[in-house]
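Note that subunit A is present in both complexes that follow, paired respectively with subunit B and with subunit C.
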Partner chain A sequence: MTAPSLQIITWNLWVSAPVCALAASAMVTLIAGAFWPAFARWLTPCLALGGIALTAAFTILAGMLGLPPAGMQVMDSFTVVFDLIILIAAFITVLVSNHYVTRENLERGEYYALMMLSASGAMLMAASDNYVMMFLGLELLSIPLYVLAGFSRGRSESQESALKYLLLGAFASAFFVFGAALVFSATGSTNIVVAGDATERALVGTTPIYVIGLAMILTALAFKVALVPFHMWTPDVYQGAPTSVTAFMAVVAKAAGFGALARVAAAGPEGSWTVLLWGLSAATMIWGNLLAISQNNIKRLLAYSSIAHAGYLLMGILAGGRAGISAVLFYLLAYAAMTFGAFAAVIILAGRGDGAEDIEDYRGIARRSPLLGWTMAIFMFSLAGLPPFAGFFGKLYLFSAAVEAGYPGLTVLAVLTSVMGVFYYLRVTVVMWMQEPEAESGPAAQTSAPLLSRLVLSALAVAVLALGIFSSPVLRWTNSGSAGLERSAEAAIQMTLPEPTNAPAALSGGSR
Partner chain B sequence: MIPASWCVALSAVLFSIGLFGVLARRNAVAILMSIELMLNAANINFVAFSRSVSPGELTGQIFAIFVMAIAAGEAAVGLAIVIALYRRRSNITVDEVNVLKW
Partner chain C sequence: MPSVLQLVFLFFAAVTVVGALAVVLVRNLFHAALWLAVTFLSVASLFIVLNADFVGLSQVIVYVGAISVLMLFAIMLTEDVVGARGLSLRSAWPAALPVAAGVCVVLVRWFARYAWLPPQPPKPGGTAGTIGLAFIQKYLFAFELASVILLAALIGAIYLAKEERS
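So, the complex of A and B:
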C-alpha cells in the first residue's frame, strides 16, 4: 500500500514542477538582488532569464511524461502550450524591461522576482482544474502585480494605478471566492469538470445556485481580462503603471484569465452561459474599439485596444471545441508578440520620466528613426488585423471557429469592429510617418535606445511577420493544446464516476 | 445542529454588507475591510457546506484556510500601498485619487 501512494506523490511533484521551478527561481533572484545589490543591475535579469528558461525545460519535460491529472492540477498538452506562451511572454518582458528600469531607476532585485512570481501564478491558473487551485493562481498572479503597478513610488500616477488595481482586483477575487463557495455548496465539489458534470446529470437539485456561482466566477475572470462592463480599471491602471509592467499586465494577466476561462467554459452549462458570453463579447468589442478612437495617450489607446482584443478572444472561448480553443491560443501568441512590440517602442519613444506619451508627440518620428517607424507600423498593422501579419491570421482563425460553431452574427460584428480598429491603429502610423515634426511641441520623443532594446524590437517585428507567414505549424502546435483540454475534461469525469454501470447512463439519458 | 440554509443566509447577508461597503465607502482602508468581509462570507459558506455536501472530506475547510492565508497576503500588500499613498498625500480618500481619468 505504501509503494503506490509514493508513486502518486512523485507524479504530483512532476505536475507542479514547472510552477515550483519558476517560484524557486524568483526566490533566488530576490535573494541575489538583496545580497549583491552592486551586481543587481545585470545579475537579476540574467537570473530571471535563466529561471524562465529552466522552467520552460521543466514544462516540456513534464509534458513529455504524459502525466495523469494530479488532484487539483493537470499537466495536459493545454497546460504545456499555455505555460510556454506565458514563459515566452515573461522572457520578453524581462528583455523589454531592462532599458526601462535602468532609465527610470527602478533597478531593484524584487522587480524581476515579482514578475516571475506573477508569471507562476498565471501558469497555475491555466493548469488548475479545481477552483481552489485557480483561486490560488489568480492571487499569485494579482498580488505581485499590485506591487509592480506601484513600483515607481516617486510618481503619483503609479501609486494611483496600484491602488485602483488593488481595490478592484481584490473586489473581483472576493466574487471569485464567493462564486466558488456557491458552486461547492451546490455540487459538493470544487473540481471544475466534476461540478459541471454533477449539475448536468442533475445529481443535485440546486442548479440555480450553481449557475449563480459560475456567473460570479465569470465576473471575477472578466475583471481580470477586462471585459466590458468590468473594464473600468484598465485604462487608468495601464496608463499609471510603469510601461514595462503595463506590457506584462496586458499580455500575461490577460492570457492567464483566458486560460482559466477556457477551463471553466469547458464545464459551463449550455443556454444561459452561451448568452452571457455572447453579450460580453459583443459589448467588449464595440465599446473597446469605440473608446479607443478618442484616446490621445498611447498607453490608454493600447489599454482600450487590449479590451477590444479581449472581446475577440472571448469569441474563441464561446466557440469552444478544438478549433475555438486552438484559435485562442494562437491569438494569444500573436497578441503577445504585437503588444510587447508596441509597448517596447513606447518605452523607447516616451523618454526619461515617460514624458512623451501622447500620440501627437510622435510626429515625424519615422524620419528620425526608421527602425522605430517601421517596427511600430508592423505592430500597428498587425493589431489592426491586416494581412500578412500575425494579427490577421489570429483573427481569421478566431472568426472561422466562431462561424463554424454557429455564431455568424457575432462574427459580422467582430469584422465590423475590427474595421473601426483600423482607424485608430493607422492614426498612430500616419502621425509617425506623414506629419511634420513640430519643434516646440511639448516633451520631445526619444529615438535613441541601447542595442538590446533595438534588437528586441526588431526580433518582435520579425516574430509578428513570421507568425503570420508560417502560421500553420504554430496552429498545429496550439491544436495539440486544445485537444489536451478536451481529453483531460473527459479523464476527470471518468475518474469521478464510481462504477461505470448502466444505471447512471440511463438516468442521465432520461434527465435530458 | 444549525441548518445549512441559515448559514447561507448569514453568508449572503455578510457578502451584501461587504459589497455595499466597497461601493459606498470612500476610505481606502474601509474598502479593504469590506473586501475582507466578502471573503469571510464565502468562508462561512465553505465551512458550513463542507459537512453536508462532502461528508468525510475536508475540501471546504481547506479552501477556507487558503482564503484566509491569501486574504492576509492581500491585506498586507493593500495596506502597504495605502501607506505609500498616505505618505505622499496625507489622505486616503479614494475620490481624491484622481490624477488619472477615472
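So, the complex of A and C:
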C-alpha cells in the first residue's frame, strides 16, 4: 500500500461526476423547496430540470474523457448512452408530473428530490462493474421509489402500493445480496466480469455456486423489471401509485434493471443462464399479454403491457452482442417515449382525484378532444408495434437480433404475442374514437389540460413518430453504446490476466 | 474429534437455527421479536468465531442494538399487537415446508461438494482497521453513497410520517 493520503487523489472523481451532480441537484431542489415554499410550485421543477440538464452535460463530458474504470464504476460509451436515456426519461417525468402534482396537491420539493435520487441510482446500476456498486445503485433506485409510490398520503391505494412494493422489494434486495455473496465466495471477486471470467477458465473448481449466485441476482433484477413469475406486485403497485410516479417506475426502474442485466450478461455467463432467460422471456411475453387483454383499468392495462415489454426486452439481453444490446437500448428509448406519452394522456383524462381510470370512461373522448384522441392513438399503435412508429422499429431490431443469435422459436413466440397485444391496445383507441359517450355512466373523463401538458403530449407523439422514421441514426448511437459494453468487458479481463487468480482478493474492487 | 472452536461454532449454529425457527413458530409477536434478537446475537457470535470481528460487532450494534429494540418498541407502542394471536403462518405450512426443505437440501449438497477457495489467515489485530481504511480510501465513493441512500430513506420517512399541515 502506498501513502494513504494519495489513495483518495488517485481515485478518479470524473467517473462518478454524473451521479454526484444529480444527487447534489436533488439536494438543492429539496432545500429550495423547504426554504421558499411560496415559490415551490415553479421553482422546484425548474431546479430539477436544470439539475438533470447539468447532469447530462457532465455525462457527455465524462464520456469524452475516455476514463479508466474507477470506484467500481465504468464510464464507457454504454454508460453514457444509458445515462442519457435515464436523464431524458427523468426530464420527461418532471414535465409530465407538473400537471399531476399540482392537481393532486403533491407539489413538494421532496417529490422531485426523491425522483432525482432514484434516477441517480438507476444510472449507477448501469455504470457499475461490480456487484457491490450495483447493489448500492439498486437501493438508491428503490428506496426513493417506495416513498414516491406512497406519495399521495391521503389515498389508501397509494399507501397500499407503497407497502407492497417495499415488502417485496426488500425481499428482492436480499436475494441480490445473497447472490452477490455466493458469487464472491465462489470466484473470489465481486467484479462482474472478473467473477464470470474466473469461472469460465475453471480457475476455481466447479461453477454451481456461481450459477446459484447468478440465479439469485437474476431473480432480484427480474423483480425490478417485472418479469413473470416475479411480476405479481406490478399491477397493484402501478395502479395505486400516483400516475406520474407510475410512469417513472415503468420506464426508469425497468431501464435500470435492464442496464444491470446487460452488464451481467456482458460477463458472458452461458449454459443454464441462457435457458433461464429464454424461459423468463417466453413466460413474460405470454402471461403479460394474456392478462392485459382482460383489464378494464387503464393503469392496470399499462402495467401488464409493461410486463409484456419486459419480455421483449429480455430477448435482446438473451441475444446479447452488439446487435442485441443496441436493440435493447433503442427499445428502451422508444418505450420511454410511448409509455410517458400514454401516461401523460392518462393523467389528463383521469381528472382530479384520479376519478376516470377505466377504459370505458374514455368513450368518445376523441370527438371532444382531437389532440388526446390522436396522440393516444399514436402511443397505442406504437406500443402495439405497428409501423411506422418507434415501437415497430424497436421490436424489429430486437427480433432480428434474436433470430441472428439463434433463437427463432422465441422470436416466433414474440411475434405471436405481439399480435395479441394489438387487440388490447387497439381497444383503447376504438373506445376513444368509435363509441358514443354514455350519459351518466361513472365519472366523466377530463379533456382540459394546461398548455404545458398539451405541449408535452404533442412533443412525445412527435418523438414516437420521429424515432420510427429516423431510427437509423438513433440506432447508430445505441450501437456505440453496446460496443462500449463489449470493450469494457474485454478490458476488465485483460487487466486481471497477469495476476494469479487463485488467491481471493478480499473486498476485491473493480479497479486495481 | 472436533476442536474447541468447532464445538463453539456448532453451538452457536444450533442456537441460530433454533432461534430462527422460534421466530416463525412462536405465536406471540413480542416473543418472536425477542427470539429474533437471540438469533442476531448468535449470528454475531458466529462471525466472531470466524475471525470476522468487525462484521460481528456491527451485527451486535446494528441488528441487536438498533433493529431488535426498534421492533420491540414498535410492537409495544402498537395497540392490540402485544400478545396478538393468529399471526403465525400455519396455513402456509403445506406449501412452505417442501419448498424450504428442497432448497435446503439442494444448497447443502452443493455447498458440501464445492471446492471452496482456501480461507485467508486471520489478520493480526482484527479486521476493523483494514476495513476502516478501505472505507475512507479505496471505497470512499461507495461509503458515501451509502450515506446518500440513508439520506433518501430519511427524507422519505419524514415525508411519510409528518403531520399534514393544511
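Rule of thumb we're sticking to: the second predicted complex is superposed on the first by the 484 of 512 C-alpha atoms of A that agree within 3 Å, B and C clash if a C-alpha of one lies under 4 Å from a C-alpha of the other, contacts with A are read in each partner's own complex, and residues count from 1 in each chain.
As a convention for this text, a residue touches a chain if its C-beta (ideal position, glycine included) is under 8 Å from a C-beta of that chain, and two chains touch if they have at least 3 such contacts.
Quick caveat: nothing in here was measured; it's all calculated off a predicted structure.
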Which superposed partner A:F82 touches (first subunit B, second subunit C, both, neither): neither
Partner chain in contact with A:L117 - subunit B first, subunit C second, else both or neither: second
First (subunit B), second (subunit C), both or neither touched by A:G188: both
Touched partner set for A:G150, first subunit B, second subunit C, both or neither: both
First (subunit B), second (subunit C), both or neither touched by A:V132: both
Which superposed partner A:S16 touches (first subunit B, second subunit C, both, neither): second
Which superposed partner A:E160 touches (first subunit B, second subunit C, both, neither): first
First (subunit B), second (subunit C), both or neither touched by A:F399: neither
Common ground on subunit A, meaning residues reached by subunit C in one complex and by subunit B in the other: 132, 136, 139, 143, 146-147, 150, 153, 162, 185, 188
Subunit C residues within the subunit A interface of the complex: 107, 110-111, 113-117, 120, 131, 133-134, 136-142, 145-146, 148-149, 152-153, 155-157, 159-160, 164
In the complex, subunit B residues that touch subunit A: 4, 8, 11, 15, 18, 22, 28, 31-32, 35, 38-39, 41-43, 45-46, 48-49, 53-54, 59-60, 62-63, 66-67, 70, 73-74, 77-78, 80-82, 84-85, 88-89, 94, 97-102
Residue ranges of subunit A in contact with subunit B within the complex: 131-132, 135-136, 139, 143, 146-147, 150, 153, 156-157, 159-164, 166-167, 170-171, 173-175, 177-178, 180-182, 184-185, 187-190, 232, 235-236, 239-240
Of subunit A, residues touching subunit C in the complex: 4, 7-8, 11, 16, 23, 30, 71-73, 108, 110, 113-114, 117-118, 120, 124, 132-133, 136, 139-140, 143-144, 146-147, 150-151, 153-154, 162, 185-186, 188, 204-206, 208-209, 212, 502, 504, 506-507, 509
